[in-house]
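Order as written gives the chain letters A, B and C; numbering starts at 1 within each chain.
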Amino acid sequence: MTIFPENISTYGQEIDRLFYTISALVAVAFVISLFVLLYPLFNNSAKRVKKATYFTGAKRKHFRWITFALVALALSDFYFLYAEHGAWVTIEQTQVKPDFHVSITGRQWNWAFTYPGLDGKLYTPDDIVINEMNSELHVPINKNIVVDLWAKDVLHSFFVPNIRLKQDCVPGRMIQRWFKLTKTGTYDIACAELCGLLHGKMRNFLVVESQEKFNGYIDSLYKKNAPALTMTNPSN
Amino acid sequence: METPHSTTHAPQGFWTKYLFSTDHKTIGIQYMITGLFMAAVGGFLAYVFRYNLAFPGESIPLFGQLDAMHYNAFVTNHGMIMVLFVGMPFLVSGLGNLLIPLMIGTDDMAFPTLNMMSFWIFLVSCLVMVAAFFVPGGAFGGGWTLYPPLSASGYVNRNPAFWSTFFSATPMFILGVALEFVSMLMGGINFLVTTINKRAEGMTPFKIPLIVWFLNIATLDFMVSVGPLVAGAVMLLLDNVVGTGFYDPARGGDPVLFQHLFWFFGHPEVYVLLLPALGVMGEIIPVFSRKPLFAYRTIIYLSLIAAVLSVVVWAHHQFIAGIDPRMATFFSIGTIIISIPFAGVFLSFMATLWGGSIRFTMPMIWALGFIGLFLIGGLTGLYLGSSTFDIYAHDTYFVVAHFHYTMFPVVFFGFFSAVYFWFPKFTGKHLNHTLGMIHFWLTFIPFNVTFFVLFFNGLAGQHRRVNEYSSFSNIMKEPYITFEKISTIGAIVLMVSQFIFLYNLFISLRKGRKAEKNPWDSNTLEWQADSPPVHGNFNPYPVVYHGPYEYSHPSSEQDFVPQDNPIVLKTN
Amino acid sequence: MAEQTLSVSLKQVPQGRLGVWLLIVGELIIFGSLVVCYLLYRLRFPSWVEQTQHTSTFYGGLNTFVLLTSSYTIVKANDAALKKDLAKMSRYMLTTIFCGLIFLAVKSTEYAHEIGAGFTLTSPGLQATNPVGATFWSFYYIMTGLHATHVLAGMVTLFVVWLDARKGRNIHRVELGGLYWHMVDLIWIFLFPLLYIAK
């Protein structure tokens, strides 16, 4: 059993690593606390110790072990905050040069995908829109993919466990995120924010494929959807 | 010395004595019984949807089929009921009413009629919540966090039947919660005024027992944080009922605004529940270690700091809700910082055990169980306080497991510790020890079984509020399918074993061993009143000479010194 | 010891006054939150200025005057109550309640005008042309409406207090009712510039 689903993004392993870093700290803290809790229980039961030692802990001197522990906790907390900050910036605050730009709209109850049409630009009349349950989002491997996240009706949350990316989609806003994927295959796209009756059935697929296959896919879409090219972005 | 006058006109009739009573003890018990009833409702809902998660599509014993719509409604109401209609009456209103006047040595609350009214408003709010299940289409199902636009009207929901349910049930849900707030605010004013104004002679601030401090800090925290949500809820109600656009982006409204208002309350709310539970531990641990509470004053300062910090960390529930990423970093730091004062409080409790002479009575065992479980809850909070990891963990079962590891110990272990400790005081009877032990182990173990496995489901990517996972076969595979079943079996055992507790209450009330005034050799004032205390509590009013935790003082014969005992303690 | 003096001086505040103070703090936080939400939206939508043109500064100003007067009369009533001058106290209390009535009457006329002009909680007419502007009116009505219910509540409170106090019973409640009335006044003092003056 592996703890996480397979990672396919360039930044996913940083989140996994962060998990193990925090786990190490948590394990140490847990063992120490458990010892502090259990030791007196075994050692100081009323049967063994008839009379307790009077000790108020009011003096700063008495508190020093706790101060020490708190400082250690604070330091390790800040250590991992510091350690994780890079990953946060990578995922949330980085503008990458897009190799491929696609718009994704959450709606009750599926994700709708909008690819740029022949002009290579999004939000123009020749965009290709795929808007049905269980449909696929195709993206090329090893490319910077920039996604514009929209919501049409209520809140949704774009969640691909294998990328380690989750982002709420808010009606009336566009939120941009990016990823670069390193493995071909088909993965789940879920919606992680309660969005009504069929929230749990809101599932689409992410298909990661080589650039050639991807180009073929886009061509076929273009052929199939030619008459419907005037469709506009569902979020408008 | 003044003599209490109220002893002379104790109400006699059944109605005034048990139902429309203004006596703080009766009202406290009324809150607890109502809370128990609501816990049964919230627990039953949990049983139904937990069963559905493990055995999707099967008919649920005692219930039947559960569809997606009812699943959502049940999860939503389970959450709201457990937090506001079980946690609050158990820990804040219930304990506050029972204990504050007794522990500060007075006859009753400052405003007894207001107190009675707040209970009745609370009861009405419970009825509204339960009644909402029976309106056409069933209860509200938009999540206990009530996020608009889903919870606000004006949005075309493509299933018309579903839409109508939202329309009729949402206002009721909001109304129920609003009434609860009104009741808590009225009760809170009472707590604060009583504590400030009615303390026994000699009870200076640092002779007040920890739990009274904590109840008051919790009340203040509640009163300060609830205002924004009240304002937000009024706007949400209008969005629903008359179709305004406060949260409608098409009309300039901002859905994320509501999230801020909700969590500005929602986060302090967990401390509102946590503080009284910690207070219970702060009373129990010194008594059964026969030692002063370690660093009593420091604990109070630390929790005041935590209460102040608690209103500036709310957005850690919204790391990925579309807020500015730099803001998230700020709230991440705040969240980590707030863990430090609470860690200090917990370490002080553990330090109290060191060098003690520990008695493993029922209340003590529950208190130790609480600390053990909360340790896991608190430490897993460190993962979620890190905004980066939260990108992945947010809205998965990792979060569900984490907050149950905090909320369940707080609400139920806090409640049970308190009941096992103060039951002799308020009924004059002891609870049965053997039944109590069975109850403890049959709660502690199944609780861990239920929720520990869910951490792994969450890490595997399983997201919340989904009634069946058949569409996600990549996530929901072995061993996670088995984990779901294990969790459900744990939950069922957990719930069934609560009947042991009810039976214990029942049998001990009738046949329990009689309890004397001060069965645990405790210092605080409530133990110096009769068991059960008469109407008016004390005659004459006590005068306070000592702090609440003078156990095993070297200059005293006895290993405890009641607060109203005039002997002089030599400090060295 | 400082700690002792603090606790003793707090203990000398009568219970009722302490209770009303806490109630006022609670209410102010609720109104304060509404005001903050309003300000956030207002900063985001400069175009709301257009809508504020339609609120009547005249009626608003008149009502401010009425409420300030009533705050003065309730202070007078309390002075009289302290001097046990029941007749005078009773007169001033009734004047205060009457001012409340005038306030509500003015407010209703104002609402009637606005509703006549198509500005309501939802402003359906406006929604088609200027949906964002319609939300200004939602805020306008929620804030003034909640305030008006507080005026009403204050009037009822004062009336109930008056029923007893005019016979010399529970005179100290005049002060408590007065504190609440001042709060109602204070909230208006915030709403008036926000909704009527800042144009």
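Just so it is clear, a contact is a pair of C-beta atoms (placed from the backbone, for glycine too) under 8 Å apart; a residue touches a chain by one contact, two chains touch by 3 or more.
On a predicted model such as this, the values are computed, not experimentally measured, just so you know.
Taken as a contact graph, with one node per protein chain and an edge wherever two chains touch, the assembly forms an open path, each chain linked only to its neighbours along a line. Highest inter-chain contact count (C-beta pairs) belongs to A-B. One inter-chain figure worth recording: subunit B and subunit C are separated by 35 Å, centre to centre, where each centre is the mean of the chain's CA atoms. Centre-to-centre, using mean CA coordinates, subunit A is 31 Å away from subunit B. Averaging Cα coordinates per chain places subunit A and subunit C 47 Å apart. For subunit B, residues touching at least two other chains, in rising order: 250, 254.
Those residues of subunit A whose C-beta lies close enough to touch subunit B in the complex are 1, 3-5, 14-15, 18-19, 22, 25-26, 29-30, 33-34, 36-37, 39-41, 44-46, 49-58, 62-63, 65-66, 69-70, 73-74, 77-78, 80-81, 84-85, 87-88, 91-93, 108, 153-155, 157, 159, 161-162, 164-173, 175, 187-188, 190-201, 203. In the complex of the two chains, the subunit C residues touching subunit B come out as 1, 3-4, 6-7, 10-11, 13, 15, 18-19, 22-23, 25-26, 29-34, 36-37, 40-41, 44-45, 121-122, 127, 131-132, 134-135, 138-139, 142, 146. The residues of subunit B lying in touch with subunit C in their complex are 110-111, 114, 185, 188-190, 192-193, 196-199, 204-206, 223-224, 226-228, 230-232, 234-235, 238, 242-246, 248, 250-254, 257, 261. For subunit B in complex with subunit A, the touching residues are 68-69, 72, 142-143, 147, 149-150, 155-159, 162, 249-250, 254-256, 289-298, 320-322, 325-326, 328-329, 332-333, 336-337, 339-340, 343-344, 346-348, 350-360, 368, 371-372, 375-376, 379-380, 382-383, 385-389, 391-392, 394-396, 456, 459-461, 463-469, 471-472, 474-475, 479, 549, 551-554, 559.
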